[in-house]
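In structure tokens below, several structures.
Shared between the two complexes below is subunit A, which has subunit B as its partner in the first and subunit C in the second.
So, the complex of A and B:
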């Protein structure tokens, strides 16, 4: 084992101080249960993640890459529970009887489909000439290693070969293909496939802190950056034990972000972070918004996702551009929805990059996808928009409405603007303490009506998009319109750190704990040094001790428990 | 594949092959003509179910004005006035429980989850929507669910896959079936043994599955020995469900149950999944029928149905106004004294509840119907949804529970904790429990008015 550099960031000791004060016990993960070695793990900011079960999205991607099955077979499985805003949180990926039954059904259909293309599975081995046993064994070793994402133990090879032999000896199954199918069916239901077990290597770097093995690291990287299994290059690096140092891991991360598979992950993250899952339920009162048509929803989603993906993976990658960029991606139908906001002609059904009027649109925040979602059926909603900015971009937790409060949103008043109406209710002291956090931020978006189109007037009155933002870390002040606000948000440390913590939760599949303070500090420092480049942030997430190391696993075997 | 799976030859082949060495159970089970769970003359099984609708009701229009028997039907329970084909009306089989409260002991009233979690688990949630204890149906399933093919069957008619009603300990969700067709396939698919279908021949695919599962378990054994304590608990959930699946296969291989009322459910068409209340009602009705056949064949003794979610997303056909949103946004009509659009969903929910009860009463069993041997608990998450009321959570109980429960009664709890109902249900189902719930929600007295 080559020596590893530790704690290259000078802030470790400061973070340690914070940790000692809090003295929390790390409910999330942690293989240890209060042993003397805890101090070392704490000092190094090593926090374990519970064993992870694949999400449906990851299962679909994995069987696509493992068996060429692109039918999304996991779509029939019960959905994941969403925790802390994401559906990939290790602690919430529990199992149920129905899930296990359906895993069995899915394994039957996927394996049956897989053997219809034996050529792809056999990798050149021909049972007719080389013999059933030889081809079965080579399949088990080669394919099994891909499925379990590590070399198989002899015991496992023997077991799978036993399954094959049994199926082939059975007069009613009996064929080579039957044997292969049954063993694929077994593997697809094995916890070695469905879960991502991580033990680390045998040699601690200090105390009971061990680095992940190269095989484990290949899997960690691929599921984090691609939401799927490792590719051949990662497997090759694992086989060469070349995923041990920060530099090796970082270099792979850079390579992986240039691969198309990273697009899946970027979209998966933003779909959840920006609540784009709500878009499919968006509908409008067409007597008020005749421009609305349900066929716009997929276009809105495609617009915001394409913009984000291009900025991060092909553009300058910066949070600033994500929040303030004055271009987007549209086809003719969508461009006609945006009208004058698009400053160049767009024709045809293909999406292409377009310039937007920089006085009207800025980044993803003012997109119709968000403006229409965070609005009511028949009017804009300063409350929903303010809440979205507070919770998703500033990571605020808003207090609950008081008990037994009768909530009466304003009826549409044809003589007032939405802002005037909400200002009247917001003035009620019972509401003001919380709604002063949300409504004024929402007012800043009042140029976007309930469907997300630009307006200068409402009910014959000029739009007043001035709002005062209060109780923030660093952007308190009065803003006139979303362009000003977006610029302030992009420069806000609170927002920058919120974005990195959202990515932390998504990438590490768990919440941030007190013990993560030095990892968080390291990530934020590097994110800032990159001028808040999200691509760099993703690479940096592979560079923390929390990503590179874990506590040695203490199995209970033989203990007195 | 299909052509190779001839039942008889496959059976012979499987047994002649290496099956035994693969860890298949011994052959005794095939030698048994009938199910062992229910020898002839044994009493009919007792079943428990939970049925919920979201967003409550209007207390003054829902609760009967007199207690005991013979109460006049309040406007929002008019659906219970339905005639049953076996005689009597739905209301004759339903007791109404009003005036039972949730008390928070100073904790916040998380809208739509405070009342729900407390009523179902006896414990006030400390975080929004977080269950710590198992829900009532799981508590009861862990006592009586072991004898049947399915420990319990969870169903949802909400059209939204992201909502679980039934929870195990630590809040682990029991994922529900969302589609009647999927429920049919799961219970009455090819491996279901229909007692009227001639001599029982075990389905060879079941044995194949059993072999596959036994290897899966062996493959996971080593992992279980190597992982740390916390991960072991997580993997244990996985293996518990794998064992449950093995158990299902064992029960199937035992042959059809010896129950007169058992037959394969009819396969219905007309499934339509979505969030229109009409779709949910259809799903509820189709699932209730499938469930009634599954119960008659003793495939399970515990079930749950979420008709609509606490934050109900149901809407009327052609409208985008969701039930939950209406409860907050719609003004109270001064002439009517209630919110007309939101209240329409209450009436729909009560109709769906009547549909569910009616289906259970359509299967003859023993001297009466299946419903006589059921105990079904219906409830909502709140009382008056506009204010997230948790005073007077609406609850009902249907069925006679094998003669242990007296239906057709209205009980006013007079501010007693809702957990008294949960305690009563557990005791009726034979659980040895003297108190249930924590702090102010600790209940020690059953609701004796509904006990025989």
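So, the complex of A and C:
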């Protein structure tokens, strides 16, 4: 068996600036040919991202904001490629015949729905009095600018007007509404809508490094912080060319985080980072966990997401509160599931803030959403819980079991605790090298049974929630219970830097590369200076050179084949 | 009548309308039904110790394949066929088992997916599969002869994610093909046009063509402005639009083989674990209908993905764990062995169900099954060892007599690339090697 070494995804060495986080391919400008321009880009820490295609989530949000269509029409598209923990990684999103076929289907249904409310589309222009042409042209310029997130070029306006003209001249179509519907259908399949092209402005700041245009910056900000298209204020700022400086961009970011649309992004990130996507498949043996009911799953998710969102957007925003806060949000049904852990009465189906027993619950870490997901059908799982902490919170990469290793988990033994059983496997030398990294962390969560409820005893024995954490940067030691561990995690540089690197990947739609060292250093410094305020981290992610600049595009000449 | 339940409502499509449908362009000659190929994937290996048939090929008492007994003379069990390429390739057992399965090509280097054994200061990452898969090769070749409504159809049953663990079809290196996973959407995409008035349908198609034309003009201008790598992505996007437009007017060719199916669709819950059997059944129903209507000649149905952890709660399980978890117990564990047998027996029953549908459709003297070859594939031989040797390959249908069926052959360690070559021969698009030449020197001997 190979000796075990731990991967350190988020670890940063101050001397080196950054280690390679997830490797990188094709993300770095035009390749390192050692030109003067490469040196400039490297010096400025400017790293380009492949062209971004909207995810299904972003598409749904965008047509909601563009057309008032809240039917989530993009749900039928094929799933995004998942890379480095997220489904929005620009270099990984590929196209396929099926995707393009479904884009056409979705555009057809969305455009048909859109023209059922012509009043909203026409913005006061009445074709009966002002004429078809005038209203079509004003629609193309005004709505087209929102759909392409920049003013249309005259050639584009002419082309779209030609589409409209064809439709109204066609004897089988013929109405003004037909023309508008076809226009929308075309625009929704345009690469200008589906992708986010970024060319930058014409004037380099140095070498071939150029700032983004204000229109591009409006789009970058809105998709990063809202996962949707820009609002009127961003468009206005773009039209005034007022999204050029670091300060202008930062001020918009602060404003945007106070908007409800930021909630979508916060939830989207945590759903992926905290693996809440797995919740829908959680099921339990109800002979062992009679409290379990499938109807609890959405309540668990609502609880953890509400808590996180409120802490970040309305609370102190700190990582410490996320990990250790002794309050949560629940309704009567959920509160009765948690029992004595909720120290105040809760009635009714509405969620509200409740105080939790601080000796039993700490932040999102001990929530039922996580405890029940990272457990087995009929018992808790120290392995899964340890793996979750290692991989998601500490950015370690744990090896899978060796290819040819036969694994034999313990069967339920009514005379032993789960910890005792897993200690036996952990002692097996074939397993110990890996499981010593996971199981003891999992033991610390043993007060939470397989469904996430507090227990003092198992099989007539007192719970022993002591575990030793080893091979970390800064939290090695013995902990008794998850409250102690949560406090250590909140104070750990490894965890703090892991959180910032997760957000980096999600927000920038790419992995961290070696050339990102100065950006990473800057982000981590400011994150620390804010006492690890996630809201500040998000603002800071808009302040790096990597966010503000790119290298000039060298267009690949030749017509598309 | 086509009949189905869509989103809880009943869908009925009048057959008289079908007469007015446009036939497939250069449709098959009357009386000569086309050959079809279907790949059928299940995960995590099998119980190799019970998988093989008895010498008599009488499957009626077989612990795993009893439900296949009616088709035993139309089956070929292949023992001793190995994925040699998987042992050359980078990637973990499941990754290589999946990405090399239909490509016989090594996985590309890349930074997308963490290899199972990645650890230490230089983590091992891999990219996507490194070659065109044999189903996509055949789809390309067949597309030169005939334009069917779909170039190929890739159906999935709760595949869900898009990673190197979940894709077996590739249009080329680094080009994974996603699945159609929503049976409700599938019903619309495949059969939605059938309940539309032919005159209206012609108008809809004219309109769709004009829309796509406009989109393509936009694309051409857009793509020209991009740098090299982005342009590659967008050119592929544009090519898919061109392909979509070329197929707009093509319907299935309608004959007596286009039978009336009865569908039960799972509604919006098709991704929930307990809907797995219903979703799979609907997908099989529609896949067979699409073949009968000649909407495509090349199809696949992938049950979950490599490392599938579906909980098969509808069969009697002792341990009640997910499939992948169960597959990791030691061979000596009687409970997990019993569960794995039940799971694989269930898949065999599903296989029998689909073969039954295909064999029930008469196309001249042959059945649809006789005119096809259905290839049951798996990324592993056995789960706990992750061996990619002795993969449980099974063929059903003779591809119009190309394969000599009703037999069990032990090849004793032939590379699976030769099986892929055999399939190209069976489909009359023969190649001498497929993927890595050293593992695909001609077809497997003795199959014909």
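As a convention for this text, the second predicted complex is superposed on the first by the 521 of 561 C-alpha atoms of A that agree within 3 Å, B and C clash if a C-alpha of one lies under 4 Å from a C-alpha of the other, contacts with A are read in each partner's own complex, and residues count from 1 in each chain.
Here is the rule we use: a contact is a pair of C-beta atoms (placed from the backbone, for glycine too) under 8 Å apart; a residue touches a chain by one contact, two chains touch by 3 or more.
Worth saying up front: this structure is predicted, and the values here are computed from it rather than measured.
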Once both complexes are superposed via subunit A, do subunit B and subunit C end up clashing or fitting?
clash
Tell me the contact category for A:100 with respect to subunit B and subunit C: first, second, both or neither.
both
Mind working out whether A:378 is in touch with subunit B, subunit C, both or neither, as first, second, both or neither?
second
Is A:280 touching anything from subunit B or subunit C once the two structures are fitted on A? First, second, both or neither.
second
Which of subunit B and subunit C A:171 touches, first, second, both or neither
first
Subunit B versus subunit C as contact partner of A:191, first or second or both or neither
both
With the two structures laid over each other on chain A, which partner does A:397 touch: subunit B (first), subunit C (second), both, or neither?
second
May I ask you to decide whether A:78 touches subunit B, subunit C, both, or neither, giving the answer as first, second, both or neither?
both
Tell me which partner A:112 touches in the superposition: subunit B (first), subunit C (second), both or neither.
first
Both subunit B and subunit C touch subunit A at residues 30, 50-51, 76, 78-79, 81-82, 94-101, 104, 107, 155-156, 159-160, 162-163, 166, 172-173, 182, 185-186, 189-192, 195, 197, 199, 281, 283, 377, 400-401, 403-404, 406-409, 553-557
Subunit C residues touching subunit A in their complex are 92-93, 110-114, 116-121, 123, 125, 127, 151, 154, 160-163, 171, 174-182, 185, 188-189, 203, 206-208, 210-212, 214-215, 217-231, 233-241, 243-244, 271-273, 311, 320-321, 325, 328-331, 333, 384-387
Under the definition above, what is the set of subunit B residues touching subunit A in their complex?
1, 4-6, 9-10, 12-14, 16-19, 21-22, 108-111, 128, 150-151, 154, 161-162, 164, 172-177, 182, 186, 204, 208-209, 211-213, 215-216, 218-220, 222-223, 225-232, 234-235, 237-238, 241-242, 244-245, 248, 313, 320-321, 328-329, 331, 386-389
Okay, in this complex, where on subunit A does subunit B touch?
29-31, 33, 50-51, 53, 76, 78-79, 81-82, 94-101, 104, 107, 112, 153, 155-156, 159-160, 162-163, 165-166, 169-174, 178, 182, 185-186, 189-192, 194-195, 197, 199, 281, 283-284, 377, 400-401, 403-409, 411, 553-557
Per the touch rule above, subunit A residues touching subunit C in the complex are 2, 4-8, 19, 22-26, 30, 50-51, 76, 78-84, 92, 94-102, 104-105, 107-108, 155-156, 159-160, 162-163, 166-167, 172-173, 182, 185-186, 189-192, 195, 197, 199, 280-281, 283, 285, 376-378, 397-404, 406-409, 511, 553-561
